[in-house]
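One chain, chain A, links the two complexes that follow: it is found with chain B in the first and with chain C in the second.
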Partner chain A sequence: MSDGTYIKRPNRPLQVYAVIFLIVLYVPVLFIPLFSFNDSIYVRFPLEGWTLKWYGELWQREPVWNALWNSVRVGVVVAVISTILGVIAARAITRYRMPGKSALVTFIMMPLVIPGIIFGVALLVLLSRMGIPLTLYTVGLGHLIVCLPFAVATLLPRFEGFDPSMEEASADLGENGWWTFWRVTFPMVFPGVVASLLLTFTISFDEFIMAFFLTGTDPTLPMYIWGQLRFPQEFPSVLALSSLILFVSFILVFLAQWIGRIGLDETKKS
Partner chain B sequence: MADTTLAGKADSEADPPRRSGRLAGFLHRSETARGYLLISPTLAIMTVGIIMPFLILLVLSFWTRQGFGFDTTPTFNNYIRVWTEPIFGALLQRSFWISGIATVATVLLCYPMAYFVAFHVHRNKMLWIILMTLPFWTSYLLRIFAWKVILGYEGVINSGFMAMGWIQAPLEFLLYSQTAVIITLAHAWAAFAILPLYVSLEKIDKSLLEAATDLGDGPVARFLRVTLPLSMPGVIAACFLIFIPTTGDYVTPALLGGPDGAMIGNFIQLQFGAVNNWPMGATLSIVLMLWIAAIALVFLFLTRRAQARIT
Partner chain C sequence: MTDTDALISIRKVKKAFGSFQAIEEVSMDIGRGEFFSLLGPSGCGKTTLLRMLAGFENTTEGEIFIDGHAMSDVPPHHRPVNMVFQSYAIFPHLNVRDNIAYGLRKRNLSRAERYEMVDEMLDLIKLPGYGTRRANELSGGQRQRIALARALILRPKVLLLDEPLGALDKQLREQMQLELRALQRQVGITFVFVTHDQEEALTLSDRIAVMSGGRVLQVDTPERLYERPVSRAVAAFIGNMNFFRGTVRRNGSASGLVETEGLGNIPLPLDRLTRPDGAPVQVALRPEKFTLSRTRPEGALAVAGRLSNAAYLGERSHYYVSIDGCATPVAVSSPNLGVGRGLAPPTPEDGPLWLSWSPDAVVLLDAD
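Moving on to the complex of A and B:
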């Protein structure tokens, strides 16, 4: 990195471009909280004045709390299961020589690229042919498919940067497989596990298209918002709810990215 | 414990009580079998969640709707309809057109940004990357909703510009149009372009750039002859990662597209919703999948060629 000479010269136009890029990236989303404090039922300029009444109204709504509770339940279960499956998948992929490994990884990563609507309708058809009613469990299954690639992608670099001789040393010193896992392997991949839990929870919490096809009578939060979008008079409270969701999501994802990467750079350096 | 080092590594996986069994013995010896055993729960979920649904979807696409049930005699009728009736072809074409434009716009706009972080950011690179990709992880629905707030008839742009006195009447082309869908898609998928572009640019050996400079190339020639060709795999990957998922997007055209901006995803949803012709919806999904597979092959071919040119 230090061998760059002329590259070190700052490039003004590029710096300006980068700043504008970041502004354009973030400003659209910031309009949601901005208007959620606006004391008017219409979402338009000029702003009428500051108020917290939309948040207060939200507080008293039973359906919002129900939807929140549904989303949290699905999110926690999906995060835990997809992270466990991600850990064992990443472990298997990095530790063992398996023929067809790259095809396997491609298969696991497929939901990243293929439009979610196809998975949504395919699962819907399967469930209805099998006579399984649509509940939060079916939403969870859909979210699991969406979250797994992210869990594996978060955990794979952890296991790749992991030196197998550490485990061998532990075994040589007399630890059995179970304790080696808990005392050597797990602590080293722990940041990846935390990052994966946070990330998959957020993805499930925010996921819409799978829930759109697989929700029964219990809506998740994004489904609740989707239902409210039809009513213009509900717009301000939807904005307030959206602001809260965005706030929580940004914090969780930032933590996930931070935790997921910091340790990784350290292991690479050493 | 005699066979502990058989695989060349001390065994840390199999638990002692199971070592006696024949199956356990086999698992212990075969790395492949152990790897697959370990990954099998993940594969089982993927099978239930992806392969089985796809098979049923494929079967359903050969059925016909009959009242509230299905006529299960296999027939190609749905496929023939998709092939012959112009509306389906037109919708597919429009979907590819919209996501194609969005893809090109996103990659062009993100390239300088990825270039900047790869070559001109020397401290806190990680923070920059997190900053650029952070919005991508948060609610897709809400990011699209934000654009509805901005582009709406009385939205941020229209009401803002009118309050400033720049325009007299709201600009109607902003909402419920293909333009709105393209802008929104380009914004929403930026992270998918940034990451592969950044990775491919970061990998470039800086000494090659210095060599080009020493041999008399100016900045423009150097970029065109060294940097751009070397980053081509990243460009292709970025195009692939944006083009494929956006062709089947549902939320953006549903919220911002209006009648002109409706895409194939909306049409598929209609078949499973209001139109209630599930077999037709299944056929459309399969056709879309086939197109995606074909396009993926093209991208694979392009990547191979770009890689071959570099090495």
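Moving on to the complex of A and C:
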């Protein structure tokens, strides 16, 4: 208690609480990689020895690679489209005075809190009524709805911290709107764009509910895992696959957070 | 100023934001090579007028001509003007050299030619060797100079400056004022400078437009604005001013005077009266135009009063002297010449003080 200011003084019980909170949150998840190295097809203690064979088996399995390729394709397309739409939306929200702006922002953010199952069912009904077959395109469409709020939420602070006179200065120095965007606006929001791409890719890559309703014959990776859960002998390789997805997702989200903050503190300061 | 001299002609320009009338109706000319200031309190429309010159705001009515060309349909990126922004708007993702060279893209110059031009500008703004510095390594004064260089490298016909010194501390601001004035003489470009700081405007400008509530009150040289303001608003905005109620008294075509409440009768030459007999006027006198003395001065216009308040400011002192017929005490500013020289600082116990002044210093303004 002797050092630190009123706000910054150490608070032992709160620290303990925070640690317990994180343990409760993540320990169940950590069992997945743990058992993926277990030399037994049964998930139970005690562990029967370390092995990498589940990973090796995964490597040789053709359908895993297909599902991965499907997920990557959907993820990349969804990331690019939702980030482009996010840039346009964030710029419009921060630049123009328009009636009902806050309502508009709320509507854009709404998919964050509306259950995916509702959107999934709604889209499924709509698509089947319109006679559109379920393919990876329909999965992508569903993922776009899920990803767009994340793209906007990532990009909005970038655009909000943006001095409007920067774009005026560019126009004043002889550049039209197009060149101003590419020479000033885009480079200044670039870290936000990268963060949005990484985040929306990860979300699409991991997404299950929309994919569950909207997948046709080509499964995404989470759909493939869901399909394999029926076969007990496949369970360890599912764990191995899940561990890999977990690892890659963590890396991508951390990267997105880190890149998204580059330069943001500086512009706030000056 | 004749029309042929004018580089910028503002003709009956009005600007409304919705129902708010930002600019009422403004017409004025700005000459080639002039250092011209728009001076007024915040919200007076000076920045709006500047932004209309740059093309960031449209004119609701009227027309702006720059070098004889109507500007209504010319977008900002095609106007022969460049601007120094209040926030400087230095691009944070570019280094100093790329910031200054930003506007040169369309000039089809080789890299070497561009860099040479940038180095010349860096010499001009006294920051040689700063080309590869990052924008976030610069101090406020340096950013201000980079913003100047970035605009001047394009050799605009007009440089617009939106309170560029407002963010700097007092000492740096005074230094930058001198440098800015010297730079303007050196490059010979017309500067249009927006400020709310009257001292800054007086220091820098060839001419000043005093604005208030979307109107231009007076356009004149600093000296004439100070010595011969045309309205009470201008007189009160620039420096301090004492006002007295008065009435014009003409004695045929021979001589005239102003009867005042407080200062007695002030004889004035007829060409300065410019109003008919019996017209109500306001008589204005600046604090430093009064001379204080303990005895009645010989042969000068004088009135006796009592000291009600005094403030010692170092180089000068301010005194507030109550006189008969005047509700508010008269402000007098008097230089402190040193111990034993001039008038020793008076105190309220000293008895009556005499205020004297010259008729030349008197300004006649329309009554309210």
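Quick note on the criterion: the second predicted complex is superposed on the first by the 264 of 270 C-alpha atoms of A that agree within 3 Å, B and C clash if a C-alpha of one lies under 4 Å from a C-alpha of the other, contacts with A are read in each partner's own complex, and residues count from 1 in each chain.
Here is the rule we use: contacts are C-beta pairs under 8 Å (C-beta built on N, C-alpha and C of every residue); 3 or more make two chains touch, one makes a residue touch a chain.
What you are looking at is a predicted structure, and each value in this text was computed from that prediction instead of being measured.
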- Message: Let me test your reading of the model: by the given contact rule, A:Glu168 touches which partner, first (chain B), second (chain C), both or neither?
- Response: both
- Message: Under the stated touch criterion, which partner chain does A:Met188 make contact with: chain B (first), chain C (second), both, or neither?
- Response: second
- If you stack the two complexes on chain A, which partner ends up touching A:Ser237: first (chain B), second (chain C), both, or neither? neither
- Message: Looking at A:Thr220 after the superposition, I want to know if it touches chain B, chain C, both of them or none. Which is it: first, second, both, neither?
- Response: neither
- A:Ser196 contacts which: chain B (first), chain C (second), both, neither? neither
- Touch check for A:Asn176: first (chain B), second (chain C), both, or neither? both
- chain A: partner with more touched residues, chain B or chain C: B
- Task: Would you sort A:Ser204 into first (chain B), second (chain C), both or neither based on which partner it touches?
- Result: neither
- Message: Looking at A:Asn70 after the superposition, I want to know if it touches chain B, chain C, both of them or none. Which is it: first, second, both, neither?
- Response: neither
- Once the complexes are superposed, what residues of chain A are shared between the chain B interface and the chain C interface? 168, 170-172, 176
- Note on the structure: chain A residues touching chain B in their complex are 1, 3-8, 10-11, 14-15, 17-18, 21-22, 24-26, 28-29, 31-32, 35, 42-46, 85-86, 88-89, 91-93, 95-99, 104, 107-108, 110-119, 121-126, 129, 141-142, 144-145, 148, 152, 164, 167-168, 170-172, 176-178, 180-181, 199, 202-203, 206, 208-209, 212-213, 222, 225-226, 229, 238-239, 242, 245-246, 249-250, 253-254, 256-258, 261-262, 265
- Of all residues in chain B, those that touch chain A in their complex: 9-16, 31-32, 34-36, 38-39, 41-43, 45-46, 48-50, 52-54, 56-57, 60, 109, 112-113, 115-117, 119-120, 122, 126, 130-135, 137-143, 145-147, 149-150, 152, 154-156, 158-160, 162-163, 187, 190, 206-207, 209-210, 213, 240-241, 244-251, 255, 265, 268-269, 272, 278, 281-282, 285, 288-289, 292
- Once bound in the complex, which stretches of chain C touch chain A? 54-56, 75-78, 81-83, 85-87, 89, 91-93, 102-103, 105-106, 136, 150-151, 154
- Contact residues on chain A for chain C in the complex? 163, 165-166, 168-176, 179, 183-184, 187-188, 190, 263, 266-267, 270
